[in-house]
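A, B and C label the chains in the order they appear, each numbered from 1.
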Amino acid sequence: MKNLLIASTALVMTAGVAAADVSVSGNGRMGIAYNSTDANTMSFTSRIRASIAMSGVHDAVAAKTGQSGSIYISGAFGRITMGDVSGAAESVVGDLHGVGMTGVGDFNEMSYLSNSDRPAMRYDYTSGDMTLAVSSDNPGAGSPAYSVAVGYSTGMYAVGLGYENAGATDHVIGFGSITMSDMTFKAIYGSASGGDTQYGVSVSGAVGDMGVSAFYVDSTIVGGASYGLGGSYDLGGGAKLVGGVAHTDTGAGQTRADFGVSFTF
Amino acid sequence: MKNLLIASTALVMTAGVAAADVSVSGNGRMGIAYNSTDANTMSFTSRIRASIAMSGVHDAVAAKTGQSGSIYISGAFGRITMGDVSGAAESVVGDLHGVGMTGVGDFNEMSYLSNSDRPAMRYDYTSGDMTLAVSSDNPGAGSPAYSVAVGYSTGMYAVGLGYENAGATDHVIGFGSITMSDMTFKAIYGSASGGDTQYGVSVSGAVGDMGVSAFYVDSTIVGGASYGLGGSYDLGGGAKLVGGVAHTDTGAGQTRADFGVSFTF
Amino acid sequence: MKNLLIASTALVMTAGVAAADVSVSGNGRMGIAYNSTDANTMSFTSRIRASIAMSGVHDAVAAKTGQSGSIYISGAFGRITMGDVSGAAESVVGDLHGVGMTGVGDFNEMSYLSNSDRPAMRYDYTSGDMTLAVSSDNPGAGSPAYSVAVGYSTGMYAVGLGYENAGATDHVIGFGSITMSDMTFKAIYGSASGGDTQYGVSVSGAVGDMGVSAFYVDSTIVGGASYGLGGSYDLGGGAKLVGGVAHTDTGAGQTRADFGVSFTF
């Protein structure tokens, strides 16, 4: 991606004209995966994705295609994004740190109301260390999820609080994180109307070329606890050895693991 | 698109070799839409498209991927295009001017016989102000639509006449247009075997950064009249504010509108 | 493709940084096809494909998107490829030479066991004129096909032998080829457990801008013999006139033919 972007930027400059930038980037992975509940527990896994990013000179217009697409316009008023975008609460609070090459089940992800009706729209405004976000899922679907969230972040600490509503359901979720010596610790607690709660803690960090991450989450929404541990080793040039293992005791229980090489281009 | 095309052209020249050009371009839009017949009349609308155009040095070979694809070879003999291409009559006569960011129902589009069986093939020959086009839909489908059309265009005036046949159905359609002071007025009249007729008028123009377009069309083929009005404001850098409203009295009637920002990259 | 690749490589060098390369290439074709068993025997055929190739600096990482995708990592240890890849036997022994613009039925292709469960993985090791390949289809599918093959190639001669197993079925297949005066002759013989055999011969070559290819194959697996003849003429700039005709006596028999222009970008 970098080189094509450089190429186009340089040529726009030499030509002295205002033009849009188009850049192509991608990522891929190859490896093996284990799933305790599959008939054949071991399988191969590979994926290659290319995405084309386009940006204009009119003070920030960008679009991204590929697996999902979104488009935004921004300026002193903030930024309005539309498409396959997260709701305000998910945008500010987010998920616990994930593990593995494929996410091994993505059990680290929290439940949000604002994930169903696309295209969604989100407005973000940042002033110094403060971020405000407001979002709505597509009103064309009927009873779309609305959300508002605020975040505060310094280099070392970050906190955020979000609220979501969809029909008769409310959801309040907040997080706090602290980063010390290249290690980030994060805690999330969410409470939905009807008495459902979800909470968890995670850590992610790097020591030289090594990376490590781990999480524990418990949720009455998905009906149980899950935990995972992962590691990586940077091979350089955009390639990484990555592996992880995770277990959930929801349903009949499931253990998943993966190992392989991930690439960014 | 421009910059990548420039980049590749420049480097081919410095390298002194004959090679094909590959360029990536795109467009996008974000906004809101209204449809009087939807259960939820208001909805978000967004779209991002990237297309890859490839052209060769052999005196005009081009291909385009993305939403639709076509490929052509051209020379002194004219141009043969195959793929997702319009028939000869539609290519020369075309549609009335459209309105809005999304087309708000595309009620400005005329009915043509040559739109069903792809890949289609069209031959175009241009000599001075004259254009001749001949086309066939895919014969593999059985009873494909055939079409022939001629057009004449000066800077100020343009006229064209097309004929289509598909099985037992014939269709003759013609247009005339005049451009004065950056405003283009267009009228189309079509008559199909069985007594069906379609006709309409439209106008499109620009005053500085402002754009305006409007159309009125009546057709026994779709069973009623439709009309629309749209406007735009050029924000520069490939971005435009665009909006439109259109109504059709076909069926139970429908009113649609949209407003938003469109981008080209 | 060449020019974008050149562009990015050049800029990486001038910038003095290690970065991944992203290049876009494509191919297309347009023409007519004949199939004796279709209700309408004549049809148009056209296709345009773009693919994005990404490669990294970590001594060979490449990915390809488009119709199919694969990704590999290589070094002194050899190359491991995963995704939409052929099994070892098919990789080394391959098919007979094909004919026509579209392959006109691909009757020149041999039957292999390793073609069903993706993503597959293959390991290749090359030392001088020798190639060793080992592969497995996705074990997640249950009873995946395994394969091992060896090849030996000089400029003039090439031979190879492959073995495949999938559940209770074994398959041994080998080839020999000789290249003289820009003409390559190839013979393949395969034998599967249960008494099935497949064998064939083919030739492909060029005389100046002209190309010619032909094959004959007989197989108890597909239940009959097939043969074909094709030719091409290089128009330059990546464009070629290509045509072919092929017949199979399997089933009720079928004759296919095509003619048109193919392009690479």
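The definition used in the following text is that a residue touches a chain if its C-beta (ideal position, glycine included) is under 8 Å from a C-beta of that chain, and two chains touch if they have at least 3 such contacts.
Keep in mind the model is a prediction, meaning the values are calculated, not measured.
Engineer: Once you draw an edge for every pair of touching chains, what topology comes out, line, ring, star, complete or other?
Structural biologist: complete
Engineer: Please state the rotation angle, between 0 and 180 degrees and to the nearest 5, that superposes the Cα atoms of chain B on chain C.
Structural biologist: 120
Engineer: Averaging only over C-alpha atoms, locate the centres of chain A and chain C and give their separation in whole Å.
Structural biologist: Roughly 39 Å, centre to centre.
Engineer: What positions in chain A touch 2 or more of the other chains?
Structural biologist: Answer for chain A, listing residues that touch two or more other chains: 4, 7, 24.
Engineer: Any idea which chain C residues touch chain B in the complex?
Structural biologist: 1-4, 6-7, 10, 24-26, 28-31, 33, 38-40, 42-50, 235-239, 261, 263-265
Engineer: Going by the contact rule at the top, pick out the chain B residues touching chain C in the complex.
Structural biologist: Against chain C, the touching part of chain B is residues 4, 7-9, 11-12, 15, 17-22, 24, 52, 54-59, 61, 63-65, 69-73, 80, 82-83, 119-121, 136, 138-142.
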